[in-house]
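Note that the chains are named A, B, C, D and E in the order they appear, and that numbering of residues resets to 1 at the start of each chain.
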């Protein structure tokens, strides 16, 4: 029994940490696609850029991991605005096929550019000592960095949830997702609101990218490698919902972990089989609008 | 940006002083490597090793030139490499082919080099039976069996591992490596309790569930194979994070998990790791010290060569040997003949091309990660001299036929 | 040329959806605090007119002013800042926002009307303030839609069939509230209405539309007293038409 | 085509040319249509050293045409079309490697059939969905197939690839030589046949009804079209053609790896088609040639950083040539006509 | 054979607690010229959607020419001869006018599942389409793209498409809304001239059209049928006047 319990705890705990990475990186994509209907396959680029920025800031400014993460988040958030303004905005009214092409093009460009500036080698990051090793949480001990990841993920989900559910801007975002023309008709500048959320989503993804280095590694290929995974999380959760993205990330993270633990031969079979099953059952995602 | 690398060799001075009647040949070498994608770093290491050799030894070709025509094989799918090889043979009419990071790329190309009669010097692709796919293939890198098999015996005899689990990246080199370890380990008397495929080589998975499974199974040793590159740091970190060392499990494997280029990023967690490999930048031999010094001078003090880089270097040495021995006119059968039994004092130690199998024979060392000052270093704690590929030597598995 | 008294002005407006033109050469002036009702059959362009003022249709020609400000090229939200308030036909309450939030999301720059003032006008909304938008009855939704529009401090209120689907008692209640508001806030109001009685009772001036054009613009009182004229204009002259056909 | 995401409706980006020609003339050949074929035949003589690459381009064109039938005409956006390419490739490969069925033409027919069956079965489920759900389902389906092929490595050869494919000479005479002479003609012939068939389908009443479904499903229901059945039919045909492309790929390379089922292949073919222009058949030609030649040249120029260049080309095309390169040409043409008149 | 073309019995439609159709018993005779009127939101379009199969009723049955079609899909109903037009244009905007009509005719004649023969070879389809276009004086626009046509002519095309489907029961949803008077005149003439075998139900706000056209009128109010009768009976009904003039 305790053996069994131990396995369950392992699966859930490790799944949680993995799920938090998925959530932090995907949540911005969910908002972009939900609010503006923009098919942004280049979202992973922000996470990748965030990872590189974190490492670069740490070595250039000589500051620690956590402040560097924050700086990277802000920097990438601002940089993403420039991208949004110059490349994305002209395509909001274009067809989604043009959007697909543009964002794939951006992924390619980023891959080439990051190889040029950082080389093809995987980058690693110096995690502060206090996040190393194991921490005893009473039941048993867990890897500290993963506990930290889970804490950050939950804090971020809570923060986002509070700012979406409890603040004026959050209410305006929900209004715009509900009914864009009406939101404009009560004087909400939906475009500016979107730019804000876009920058926020990119910044958060950048922080996610920085956090993920220690677990997933980081190469210029990151945005391509994990593209499918982020898309799946967003689609399963439902567009434009933070709750949906969170639940989808949790479900897929834990199921993926359970599959790997119990049936490693199955490879990535589990996660995609489950994603298919969920989408067959609820085509607009777990918490997506069904209208 | 680097474009095509045209011959450094035949310095201008040499060229200008040439007697008019000497026939100066330009030898065209097609290089097929993964320059982009997840394995781009491997391509870069090999590319740097090659270029460094050409830069240092170019003058040894005398009046001949060498021209490298580089192609990106992008993915391990085989088709892109194969099309590149076909074009290199038919359109660019290369005299030699080299590179090949992923085994499928080498395998897919094998029929072409047979048909086109172009010698192929493999600088990485470690699946055991590749040289038998074509009489024109020579390998200067390694086979998975060269480390996995002796590691099995060593783990049982010297590391006191009676039971072991293995985890491997789920593609042929991984399976090869684990099969080799299993054979060596069980032959010595040990018991392999679990063998876990850990995702594809394309992406670094979260290793935690796999490692947790091993932790729960409590073997004495955990043998891990992952491809050189992104994976190894994550392996060592996950091992440490889960407290597996404290749980009494020893992490072992081929040298890919203590690759020189990744070692420093692993931090304290790597100390005490025991692996088996044919090269480390920390070897104290004069050949290696000169090599590493030249490398750092060329590519920066914070860079380091690893076994890929040395394979690029040695492979180019083999190609130079062919050019010199054939005096610039490359004939496939002659080239292969020249390479059979070729001996070379590599930075990794003495190497030999087995005349029968056209595969590499080399010393295999037992590596231990130690702390040396504020950096991590590889200490050689034992050596098994001149190891032939055990797979072919023992006629095991696919090597049997 | 512009008169200081005009709160809203449309000059020779042609508008519709994409390439389709629905409104043709519509010119309209609404004075300060004036109430105008627009009647006409379904599909003659009444709602399109409101949406055009709001900037949610394709404008092919013409110009639109609020006061002296040319808003022809403004985005919808800017028009709202310049003083438009809109109460859509289907209410379009934000379903995932609470009643309170439905009110607070409004851009309320001039702070003239506060949320508590809205609750004073519609005490029922105060009781329901934490309910979600999709949990309200039709009447409550209508009150909320009006309150929401008022919070933007409009100088011109556009109302699209506010009485539709509501019980008569509630229609009366709403009407009296609107009257109070007009007196207190000096709002100009454009009311699109199918229900001629409501339309004519509420506004002193009545515009009749047909096939995308204004066919009559004059005091409501004339139409109120002359039912035949009303019937003819609105095209529901049942008696005379049947006579003619049979 | 329905919006991929949310309820934002946008203007359709696919508007095939030649729509306002009289139906009785539309399907007739235009002089300009000879151009690609002249180029294809001419390329054989002008670039004799590039025939292996040329063969790969021709195969990609077939694959892109198969995608155009469902994306450009029926409005089905898919990120998993490699599933059928891969099925065809493995079918052709395994026929030879396991059953010793080395005759190429019958092998190709069987490859197409296998893929069509796969398309039919998956289409029956997938085509009940639209929009983002459909995209993700096609994507996940292709990945599942990939994982299955990896798991059953005894049959498929797994990651290492399927070795032991020995294709007999074509018609007993023409071998797959190192320079690719014979296979260039073989592939070109198959392309001609596939193109003629696709062209027929597109101009048939059936093909017109697909455009109707793409433009306005609602109305198609109302005029009595069995929409779902039509979609399954075209999906099956498309899968079959993709399978033929895959079969040719396996035969010309004499090698198949998991890569034929990979996401990269699905994504690339979508990019190629959008780049060329959807809903016009010839977009497949333009897209495949431009994308592959640009990529090939950039790869040679800079094996390390070519991705940046390819990405830049895609971004520039989107910014300056909406609806793909062919759409851009059409637009320019119209502009010039207007300017002249 | 009964004289009933279309019959609904006890139709209900609920969305959650919201009842948008209440116990609708409606009958359309063969060859009828019937109008359905009522204020906005009275449930006219809901009834139309229930009849055509866009919506499934929560309760009740629908019969078409003696066949129970309650659970039948939209396209199948169409093939049985139940044809509708749309209030807001639902045309194929990227196709030419002629193609729009051809699609409908090809579908009716079964040609549409033909895969390999170009549409241009199916002369009977094109000829019939041209004939119908000619009837509504659209033949001059046959090669135009639909989205280049003026709105009024798009409405005409809507009718042509419906006729191309060879309807037994024709449901016209505000055929003349937004159409200039010359063209609405033409629409009415065409509808008037249709064969007596076709049962026609028209939903219209323009009373002029309703009273000119209909032999029977059904009035709906808040999701239910208020009354039904001849034009004279309806004209005399105080409740109807009240609805339209707001005197309730």
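The rule we apply is simple: a residue touches a chain if its C-beta (ideal position, glycine included) is under 8 Å from a C-beta of that chain, and two chains touch if they have at least 3 such contacts.
In this text the structure is predicted, and so the values were computed from the model without any measurement.
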| item | value |
| --- | --- |
| Minimum number of chain-to-chain contact steps, chain B to chain C | 2 |
| Contact distance in steps, from chain C to chain E | 1 |
| Those chains which touch chain E and also touch chain D | none |
| Chain pair, A-D or B-D, that carries the greater number of C-beta contacts | A-D |
| Whole-Å separation of chain centres (CA-atom averages), chain A against chain B | 36 |
| Centre-to-centre distance between chain C and chain A (centres being mean Cα positions), rounded to whole Å | 44 |
| Chain B and chain E: spacing of chain centres that average the CA atoms, whole Å | 75 |
| Multi-partner residues of chain D (at least 2 other chains) | 12, 14, 150, 304-307 |
| Junction residues of chain A - those touching two or more other chains | 111-112, 115-116, 120, 265, 267-268 |
| Chain-chain contacts as defined at top | A-B, A-C, A-D, B-D, C-E, D-E |
| Touching residues (chain side chain B, partner chain D) in the complex | 1-4, 33, 35-36, 40, 43-44, 70-72, 75-79, 82-83, 86-87, 89-91, 103-104, 107-108, 111-112, 115-116, 127, 170-172, 200-201 |
| Chain A residues touching chain B - in the complex, by the definition given at the top | 3, 6-7, 10-11, 14-15, 17-18, 111-112, 115-116, 119-122, 124, 126, 132-134, 141, 143-146, 214-217, 219-221, 224-226, 257-258, 260-261, 264-265, 267-268 |
| Residues of chain E that touch chain D when the two form their complex | 52, 54, 73-76, 78-79, 83-84, 86, 90-96, 98-99, 102-104, 106-108, 111-123, 125-126, 142-145, 161, 164-165 |
| Residue numbers on chain B that touch chain A, as the complex places them | 1, 35-38, 40-41, 43-44, 170, 196-200, 202-206, 208-210, 212-213, 216, 229-231, 233-234, 237, 240-243, 246, 261-262, 265, 267 |
| Chain A residues touching chain D - in the complex, by the definition given at the top | 33-34, 36-39, 87, 90-91, 93-98, 100-102, 104-113, 115-116, 120, 180, 228, 231-232, 235-236, 239-240, 265-269, 272-273, 275-276, 279-280, 283-284, 289, 291 |
